[in-house]
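Two complexes follow with subunit A in common, the first pairing it with subunit B and the second with subunit C.
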Partner chain A sequence: MKKFLVGLLFIGLAFLLLINFAELPEEKLITFSLSDYYIGFGLEQTGALNLVTAILYDYRGFDSLGESTVIFAAVSGIVLILSRKMLPVSSHGLSFIVKRTLGILTPFIALFSLYVITHGHLTPGGGFQGGVILAAISIIFSIVYGSAFDYKRYSPELKTTFETGGALVFIIIGGLGILFDGFFLDNLDFLTHSPGTLISAGSIPLINIGIGFKVGAGLAIVFYSMIQKTFGEEF
Partner chain B sequence: MIYLEYLLLLFLIIAAVMAVYFEDEVISIIFLSVVSVILTTLYLLYQAADVALAEAVIGAGLNTAIYMSAISQIREKSK
Partner chain C sequence: MLHHLVFTVLFLLGLYTVIYKNNLIKMVIGLNIMEIAVFFWVIAVSDTGKSVPIYHLNKFAASFNDPVPQALTLTGIIIGASTTALLLTFIIELNKFADTIDSNKLEGLNE
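For the complex of A and B:
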């Protein structure tokens, strides 16, 4: 009986959705869609060669602010629930060969993440992707060298400073938009050089740098507070 | 090129079924990471390089590490 009622509910819902979609206007009535507008005027209005970044941090900048607020709330919740003792407990890490190999590889990972963050308006990538690569460095340190090493090099206070600093950079740039152009998160046009160079696209690279450090530090905090009781007793 | 796309989609379905099929959690996590790698290649084939970068970093790298630490914590408590 319960299954019958649930099935009836779903059939009714599908019927209502069908009616709803049948009343949409015909596709050929729409002559000029929003994506045509972005492709046509995006480079001219923002100066960013990568249109995805132009949409994320310029046209839909307020949505990106909301997304980074969601990440901030998630990190705060996880730290509040999971971190009970602040002293790091750690294993001794993996073998000597893995440690030396990652010692050679880590600067290149850091360089690649900084490249993805700062060239977000020119090539594929942006603050979010580069920030997650930054967080991967901290995760590699925790797994390979043991989380005590990670605690000594990048303490949780430093990560917290980076996260709040990145969020503050985002909001301050948004406020500067009000000051110079009259709208929140408006593109700061006076920073723009010719399109295709590193210093172009107004405030998009600065927002990328802020979001990159914020996301990287936030995800590193999440992983650290999950791992700090994991490799327990052998230290 | 169209055959490569179909082959990758087939492997994607096989890897997803394998991730549900095995009872050991570690094997499931490895197969989820395989799903992410195949999805990254598919996104590159569809010329969505931004999404491919995010999928490679988050799906194959971060998710695996976080799932592994969570699974090892659960196993330690149940012993």
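For the complex of A and C:
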């Protein structure tokens, strides 16, 4: 009976949602919206070809700072809860063939992640996306070569340095915006070359690099903390 | 419209998982399904069949899809990943202390 009632509630909820969707207007109600402004003036004001990046790191740069603070807080909480001992606890890794193959592949993964990070203002991608690919390298090391290898190559101290360093780069660039233009996180226009080149769009690529290393190190720390605690007693 | 239907199905599926399942990890998976339903809906609604909001170097296309929902969705994905990692951490610690991840078998929470 209880299941029946809850099922009825779900069907009612679905019905209400679909009725609500049917009421949505088909055409735009506003003649000139915020999106039109971004599309119309985004390129000439920021110099970034990728408008999503222009919004994230220029118009809404302060939101991205808050976002990276959320990642920082989450990583801090996870490390605080999980890692009482920062010792390398290792598995033996996978077979010889997998190790060799990933030994050849890993530089290309790193190159791709750096490409995604540094070309965030020109092509799809940016700091967050490239940082996740960067974290994948550390995860591959932990799984394929064993977490002791990961500990030796990228020690937790190095990861922590990258994490805080990325956040500091973001805040310092924001402070430089106050110094040169008068506003926090204002685009540093004197760095701008012609749009479409690698060194363009002012401070957006620099912020992207900071965020990329920060996210990559943060996710690597999260994975390392979890695997260490979970498999600690078995190996 | 198809994406409204897909959103409704996915969202209610996630809600069902959160309400009915007793395994805490399955609850987290349900939360993620609800999250992904919302992201999918925002992106699908903002897609008007125009090109991606990235200027091409040589030809400057005039009509783009709305870039604001894509930026918001990127923000949401990051927050979702952070909260998921934190929730899984809590579950790992809970499993260490209570030796179970079944929400019905957890003791000491009722009194």
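Methods note: the second predicted complex is superposed on the first by the 199 of 235 C-alpha atoms of A that agree within 3 Å, B and C clash if a C-alpha of one lies under 4 Å from a C-alpha of the other, contacts with A are read in each partner's own complex, and residues count from 1 in each chain.
Here is the rule we go by: contacts are C-beta pairs under 8 Å (C-beta built on N, C-alpha and C of every residue); 3 or more make two chains touch, one makes a residue touch a chain.
These numbers come from a predicted model, not from an experiment.
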item: Three-chain arrangement built on subunit A, subunit B and subunit C clash or fit; value: fit
item: Partner chain(s) touched by A:F149 [first = subunit B, second = subunit C, both, neither]; value: neither
item: Contacts of A:F10 with subunit B and subunit C, given as first, second, both or neither; value: second
item: Contacts of A:F184 with subunit B and subunit C, given as first, second, both or neither; value: neither
item: Subunit B versus subunit C as contact partner of A:Y115, first or second or both or neither; value: neither
item: Touched partner set for A:G125, first subunit B, second subunit C, both or neither; value: first
item: First, second, both or neither for A:A74, with subunit B first and subunit C second; value: second
item: Subunit A: partner with more touched residues, subunit B or subunit C; value: C
item: Subunit B versus subunit C as contact partner of A:A135, first or second or both or neither; value: first
item: Lowest C-alpha to C-alpha distance for subunit C against subunit B (Å); value: 5
item: Subunit A residues contacted in one complex by subunit B, in the other by subunit C; value: 50, 52, 124, 128, 219, 222, 226, 229-230
item: Subunit A to subunit B touching residues, read off their complex; value: 50, 52-53, 116, 124-126, 128-129, 132-133, 135-136, 139, 143, 219, 222-223, 226-227, 229-230, 232
item: Residue numbers on subunit A that touch subunit C, as the complex places them; value: 6, 10, 13-14, 17-18, 21, 34-35, 38-39, 42-43, 49-52, 54-56, 60, 63-64, 67, 70-71, 73-75, 77-78, 81-82, 123-124, 128, 195-196, 215, 219, 222, 225-226, 229-230
item: Of subunit C, residues touching subunit A in the complex; value: 1, 4-5, 7-9, 11-12, 15-16, 19, 52-57, 64, 66-68, 70-71, 74-75, 78-79, 81-83, 85-86, 88-90, 92-93, 96
item: Partner subunit A, residues of subunit B touching it in the complex; value: 49-50, 52-54, 57-58, 61-62, 65-66, 69-70, 72-73, 76
